[in-house]
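The letters A, B, C and D name the chains in turn, as written, and every chain counts its residues from 1.
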Amino acid sequence: MTLIVLNFKTYRESTGLEAVRLARICEEVSRDHSLEIVAVPQVADISSVAGAVKIPVFSQHVDGVGYGGFTGHITAASLKAAGAAGSLINHSEHRLGLAEIEASIASCRQAGLKTIVCTNNVATTRAAAALEPDYVAVEPPELIGSGIPVSKADPEIVIKSVEAVKRIAPNVGVLCGAGITHGEDLRSALDLGSVGVLLASGIIKAKDQRKALEELVVGAF
Amino acid sequence: MTLIVLNFKTYRESTGLEAVRLARICEEVSRDHSLEIVAVPQVADISSVAGAVKIPVFSQHVDGVGYGGFTGHITAASLKAAGAAGSLINHSEHRLGLAEIEASIASCRQAGLKTIVCTNNVATTRAAAALEPDYVAVEPPELIGSGIPVSKADPEIVIKSVEAVKRIAPNVGVLCGAGITHGEDLRSALDLGSVGVLLASGIIKAKDQRKALEELVVGAF
Amino acid sequence: MTLIVLNFKTYRESTGLEAVRLARICEEVSRDHSLEIVAVPQVADISSVAGAVKIPVFSQHVDGVGYGGFTGHITAASLKAAGAAGSLINHSEHRLGLAEIEASIASCRQAGLKTIVCTNNVATTRAAAALEPDYVAVEPPELIGSGIPVSKADPEIVIKSVEAVKRIAPNVGVLCGAGITHGEDLRSALDLGSVGVLLASGIIKAKDQRKALEELVVGAF
Amino acid sequence: MTLIVLNFKTYRESTGLEAVRLARICEEVSRDHSLEIVAVPQVADISSVAGAVKIPVFSQHVDGVGYGGFTGHITAASLKAAGAAGSLINHSEHRLGLAEIEASIASCRQAGLKTIVCTNNVATTRAAAALEPDYVAVEPPELIGSGIPVSKADPEIVIKSVEAVKRIAPNVGVLCGAGITHGEDLRSALDLGSVGVLLASGIIKAKDQRKALEELVVGAF
């Protein structure tokens, strides 16, 4: 099933009450079009968002630490308790160490959270897949927020990521992101072998968020 | 007014539903003894804790970034929206860069959040005070979680911190932490010139958290 | 005495043999114009540069750790042994934690190395001065490498930094940097109360490095 | 050929002149026993060590950045110019991000430097191998500096690392480290399928470094 992941980042248009409002839009579009849309608000917004919608809510980050003296860290247990169903890990705006990524995946697995590890090229996608998260999401950093879709600007990175992951860890799904805004971007992402996309500014900063999300979904199928 | 700040860290005994339960204990002890007790749960727990109690709820960490493309960061705006009244900054378990500390304080000020910058010795206390947060909290790292109170093990660090802050930024309050568990620890912390304390494992890991917190409060006055 | 600090960064024009060649230019201009010029090559180049010139050689970075199990860290003792006379600390391209800055200064002091702590605005300059390094160097990050001199684009930041440091730690010298290229930039930096400047790309990337450095020096006096 | 890598860390017994002295011991033992011993001094010591011995000299760390504005970073080009033949990457005392590890390997490859990526368990070994460095060196952090050899305390981690690497990237050699001090430790490391070992405190802090190194070598064969 196609996975559409909307990263709320820390935009004004997706913080606090706006996060709840946007998640409701995601839920409605998800229901109207029988698609899985995942809402990814800031950590402080997870509890209220998860209380307001039935679609999966993921965190933007999780630390690979457990119970104990880890002030200021984001634990999988706290995310689960707040209603999260998974987490992004190693987003290009919040890069982690290799050992931290591995520990984050392990702590999510233990807490029953799904994991999406973000990567920046084919080599790091290979490495991330070797850690066996649920998904890897390859996003060339230079295209993030650019409006130029990775599936058009650099289709090779998606094709090669899909091939590499198939060899190393065939159960890991490949998502792609960076610059995905329109239905045709999603369409070509799927055609290149990915199982879904990571969205952000293209939807969040749109004048009409609902319309932007619907056009993306309708245009792809 | 004496400030008692209880850092929930990421202990099992202070995560999720346990965070709400512990915050209610803080609220009751605060009311029974006319003291200001601040509850500092994990970020994901702030919303439910702040919805359950009337005492101030602080975050354990805040990043100095604003609205925009800052995936996985903890913004002051999101904390405020979730019901937080302030934040720890630069805790020894989550150290920040100098420029980050300054940016965190600035973003909290703009969002209307109080700030407590944690420091590890007299020199860093001087530096932190120069940034003019609401409070600095000096905590020798080697005493954190030790059960040996800073006010007994190293009274000089508290005395000198208070003196240094008075010279550089007299409006900044000095807290002290590390190993504070009993009433006499709090008493001597106040006698040394601090305006309050940072507590954590001594209360959180106590067999009876309420009793531990009450004994601390009663024993000090 | 006016202090001119040339940060070699990691440019091709200032690495390896080029670092030695450039340091010799610094030495000659220094001698011809009776000025103190400090060469700041990469760590791996310090030994050969310090062996080739008599002017002070500083490191671009030093970690606040001592002898022991600190693989990959840059210790003050190793810099001293290689011939360094001091170090930049907390450059905007290599930011450090507050506690790390303090520890770096302390380890340099113990090893007999001079310290220049870089800062990004007036508030962090105040904080850095409170740690009492030999110098603070204020550099607005947005002007670094821009060719627009801080002394022209934002004279207020220099004036206020000088005032703040005078109040908090009068023995600490204030340098300024970012965009300094020409003699008039240096001149106005000194007129605003700083005791010297941090240079980099304006000289290193110049077609004729010697000519660029001489013009800066001659044009200022 | 068996590879013996001696990490000098930042011990007093292996800094500055002591680094040169220790590297000469490594060279002599290497020659007397026809073994490849790699000396890994601090970055500031590489130039003088590489000038004094003919055995390979590696860096303890390298950053994945190139020529440009990267103040305080350790570039592969500067290491090469100073005489290094390779570098450790991601040592447990200097952990890097996944994207940084990949960039460090790429920059070393371009500069003609060999790479050893350190890892902490089987999962991160798999991931590191997917990046295709020359070697991965698995070192359980809890055994580093313990005197308890990984090959005895946790042989499974070595066996499974060797298997995993063989499947993912058969050209990558597996080293193991942590607690290796005596000949029998090296012997069992080789018997478990690794092609060499990472040494540090067991040799560096020995009363007689030469004797310790010789006993290790003689005892293993």
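A few remarks follow.
Just so we're on the same page, contacts are C-beta pairs under 8 Å (C-beta built on N, C-alpha and C of every residue); 3 or more make two chains touch, one makes a residue touch a chain.
None of the values given here were measured: they were computed from a predicted structure.
The minimum number of touch steps separating subunit B from subunit D is 2. The contact pattern of A-B recurs in C-D, the pair among B-C, C-D or A-D where over half of the contact pairs coincide by residue number.
Where subunit C touches subunit D, over half of the residue numbers in use are shared by the two copies, so each contributes mostly the same positions. Separation between the centroids of subunit A and subunit D, computed from CA atoms only, is 36 Å. Inter-chain centre distance (subunit C to subunit D, centres taken as mean C-alpha positions): 33 Å. Averaged C-alpha coordinates put the centre of subunit A at 42 Å from the centre of subunit C. Shown for subunit B are the residues in touch with two or more other chains, namely 92. If each chain is drawn as a node and touching chains are joined, the picture is one closed loop, every chain linked to exactly two others. On subunit B, the positions that touch subunit C within their shared complex are 90, 92, 95-102, 106, 119-121, 123-124, 126-132, 168.
Only residues 7, 9-12, 15-17, 42-48, 59-61, 65-75, 77-82, 84, 88, 91-94, 144-145, 200-201 of subunit D touch subunit C when the two sit together in their complex.
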